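Read from first to last, the chains carry the letters A, B and C; within each, the first residue is number 1.
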Amino acid sequence: MSDALRTPFSGRAGAALKDAFLQEALKIATTKFIDLRKESFSGFPQGEALRDRARAIKEATLQHLDVHLERLADHVERLGGTVHWATTAEEARGIVLRLCRDRGVRTAVKSKSMATEEIDLNEALEHAGVTPIETDLGEYIIQLAHEKPSHIIAPAIHKTKGQVAELFSRELRGEFPADPEVLTAVARKALREKFLQADMGITGANFAVADTGTVVLVTNEGNGRMVTSLPRIHVALMGVEKVIPSMSDLVVFLAILARSATGQKLSSYTTLVRGPRRAGELEGPEEFHLVLLDNGRSRQIASTLREALYCLRCGACLNVCPVYRQIGGHAYGYTYPGPIGILLTAMLKGNASVRELAHASSLCGACKDVCPVRIDIPRMLVELRGHLDREKIAPWTERVVFKAFRRLLLSPTAFRLSATVGRWLQRPFVRQGRLRGLPLLFGRWTRTRDLPPVAARTFREQWKDLR
Amino acid sequence: MTGRAEFIERIRREVARTPGLFGASTAPRPAHPATAALTVRRELAERWPEALDRFRVEFERVAGVFHRVPDLDAVPAVIGGLARERGARSLVTWDPAALGFDAASALARDGLEVVAARAGEEDEAARLRHREQAARAQIGVTGADFVLAETGTLILLSGSGRPRSTSLLPDVHVAVFGRDRLLETLEQVGVMLEALHADPDRAMSGAMINFITGPSRTADIELTLTRGVHGPKEVHAVFVEAP
Amino acid sequence: MAAAAVRASLMITCLGDVLFPEVGVAMVRLLRRLGVEVDFPEGQTCCGMPLFNSGYHHDAAQVAARTVKLFERAEHVVVPSGSCAWMVRSEYPGLLKHDPVLRAAADSLARRTRELSQFIVEVLGVTTIESPFEGKVTYHDSCHLLRGLGESAAPRTLLRGVSGVELVELPGADECCGFGGSFSVRLPEVSASILDKKLANVESTGARCLVACDAGCLMQMGGGLTRRGSAVKAVHLAQVLSGEGPA
């Protein structure tokens, strides 16, 4: 049935709902992550207090963000690293490309970084003749498949093992069974060579400690360690909001980050990188570059979306979101999916970009419940919707309906009258005491659900008998 | 191209526009990190048996394999045993000075090739040689600078004579430690990190600190857990009883 | 119970007034049985939440201003809906913050307003209610009652207090039913998909009735249950407690 009100987002969402593979994968994966997180926090009584502290540290840091960034930069430079300042995605790409050109970089191995996805770095590198190689297994899979990640921490969650086996067999020219152990070993072997040969390692940063100039990577596979120790150049791309003041702050976040993301007490590897290799070291990059990325973040410091800057990119909100659980990450259409993704997209691309996405939420609040830094996502979604009204981004047809609704609510007479009118208009649609097959906007409801009819006597009409 | 001043100024301007969402403070820091670290050490000197028990539970929970030996002389036998079981031919180790024992001679008798990093040998030739050896070795032997009981984590500082790849490239990583390395909580790790960085150039000869919690792992394919994606498939911790 | 009668004003909610008056009637009979004097400020229409949630805050503020005035003399305000009670308690003060008089009135109203189960347990101190209602029921935690008002115990306590009722826990009771107000018609396929999951859980309990404390959720879940021809009936807590639910 065609729907004149169908939008690109609702189209993508609809397609996702019809994808049986995806539905099954989402169900299993999100349920697993939810259970793991729940179990981890249930045996961890300090968890709630740590979440409060983590939130406070993020807020306190934002209140002096400029100072902390300057201290971070000073320390990185003192250590022999170079700091670059990228206001836009384009600038960030330019910085990395220039480095590649000046240093004769032909291949770059990458550890998982949402920031590099955000700025579309891989495409830019390829156009410049540099081969970027994703080494996080999930990212490696989707790179081979020419797809985008569908989840912040489990990028290939939408792929079955059969699909991965097929993919590897085709791209790596072999015959591999649909066995995760075998496929992992295949990836290990294929990528080990790349680590050893690559000219540059590119990472993001989960945190950067201002006091010491340390960049922190939280990973499980070991590729984060590889790319920061084997190639001769290490480039870390980091959103400015990732800076934290001290090592004492760092351990607060470490205590809750992995628990929130995967239910682990700590991920397999937490790697603290303090500049390029030191004089006494046999291994490590000769050069360390920290690229600080703004790309719309600073504009949010004094906005209603400020809290979104606390985000640790753990993915917990995705896993519990009733919408994400039904449609997966690709349907959102942007780098960051799920509840926080809507806010980040507004932050990075402007309010108009979330004209539809801002409504991709039932405001149930499950996200806020699990966020390690207690970001009040539902409140910010409502604020965002407020912006869509005030900036007249919401469609005028919708605004007309809501303004009319308001008038109805301000006048009891009009309200009473509308019930009477409704009672009369609904008559052709009442079947066995329910409304079915309604036209227009109401049809969107009755396509899949019954609606109760306007009561023969409203409560107000019955009140006189009750009093 | 944005320069530092312009970039920071934009942020400073935005920060000045708002008092923020609520009064908030960052984590309290030790006023005298060195003293605080000593206090932690003293506490653990008393509590090391409990810490060790806790470590073992947590380490095994993340698929680590725990060994216990009476003294350093007994360590090579453990390593030799692991090598034999796995048909390993080649090992890399930290500088014996950093390890506290020399595995080479003991294990050479077993027909194993043992290559130890040497502090002070860091020219380009040594670098290339080491990379080739580390890539070939099946077992890597290191010490551990801190051993965190709460999470079953080994914390290794890189540096002279303690290459990063020893605990990264081989399939099997063996870390040898004594009671003086044990810590109980992440919070204590924070104190030790503060102390290290109070005078970082003196305290650390390398630029990397690795927290290692079990073997390399992933669940990226259908959420099925597999080990040894890029890093080691096995992690062993050998506790040496003798103080 | 208190020596002097407790007086409560009903905030019946827009959906309650127009689509589910039987819930309001059940609520009145129940409260009177518990010794409460009930009244109904007649000018009421809606708490304004649909406007607020869709971002029409200026409009929602006007509705809020009207509502706080309507209920300014109420001793207690009782709402058969977690989301409306949440709207009044949590959002009204912020919406009216620019007018000190209205803001004070909103703060006062917030203090006096409770969702029905909270009112019964906290104000009346009642946990056991006799009701002819019988059978196996399961309970759905509406998002705003659960997370907005932090309430999951009171409804369950009251359900367990009815001797003929057998309460079975709903798997995923705390998961959204997919209503979300206008969300249900903005993204109807996603809303229906979320609903399917909820109803599969409901049917797995073997309960004959699904109980909730929110008209929106009941509209969504009830509408889904009848559409799929399910034997399970969606009822409001008030109907169980007053014994007026469907047989």
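We take it that contacts are C-beta pairs under 8 Å (C-beta built on N, C-alpha and C of every residue); 3 or more make two chains touch, one makes a residue touch a chain.
Everything quoted here is computed from the prediction, not taken from an experiment.
Peer 1: Identify the chains in contact with subunit A as well as subunit B, in label order.
Peer 2: A chain counts here if it touches both subunit A and subunit B, and no chain qualifies.
Peer 1: Average the C-alpha coordinates of each chain, average all protein C-alpha coordinates together, and give the chain whose average is closest to the overall one.
Peer 2: A
Peer 1: Chain pair with the most contact pairs?
Peer 2: Top of the contact-pair ranking: A-B.
Peer 1: Could you put a whole-Å number on the gap between the CA centroids of subunit A and subunit C?
Peer 2: That gives a centre separation of 33 Å.
Peer 1: Report the inter-chain centroid distance for subunit B and subunit C in whole angstrom, where each centroid is the mean of the CA atoms.
Peer 2: 55
Peer 1: Using the touch rule from the top of the page, what residues of subunit B touch 2 or more other chains?
Peer 2: Counting only residues that touch two or more other chains, subunit B contributes none.
Peer 1: For the complex, give me every residue of subunit A touching subunit B.
Peer 2: Touch list, subunit A to subunit B: 25, 28-29, 32, 53, 55-57, 59-66, 69-70, 73, 79, 83, 85-87, 91, 94, 135-138, 141, 154-157, 159-161, 164, 180-181, 183-185, 187-188, 191-192, 195-196, 211-212, 214, 220-223, 225-226, 228-230, 240, 244-252, 254-255, 262, 264-284, 288, 292, 294, 298-299, 301-302, 306-307.
Peer 1: Residues of subunit C touching subunit A in their complex?
Peer 2: So the residues of subunit C touching subunit A come out as 12, 14, 16-22, 24-25, 28, 39-40, 42-46, 48, 50-57, 59, 62-63, 66, 143-144, 147-148, 174-176, 178-195, 197, 219-220, 222-224, 226-227.
Peer 1: Going by the contact rule at the top, pick out the subunit A residues touching subunit C in the complex.
Peer 2: Within the complex, subunit A touches subunit C at residues 10, 13-14, 17, 322-323, 325-327, 358-366, 368-369, 382-390, 394, 398-399, 402-403, 405-406, 408-412, 415, 419, 422, 434, 441-442, 444-445, 447-455, 457-463, 466-467.
Peer 1: Touching subunit A in the complex: which residues of subunit B?
Peer 2: Those residues of subunit B that touch subunit A are 1-4, 6-8, 10-12, 14-15, 17-22, 24-30, 58, 62, 117, 119-122, 126-127, 130-131, 135, 150-153, 158-161, 163-165, 168, 186-187, 189-191, 193-194, 197, 200, 204-224, 226, 228-232.
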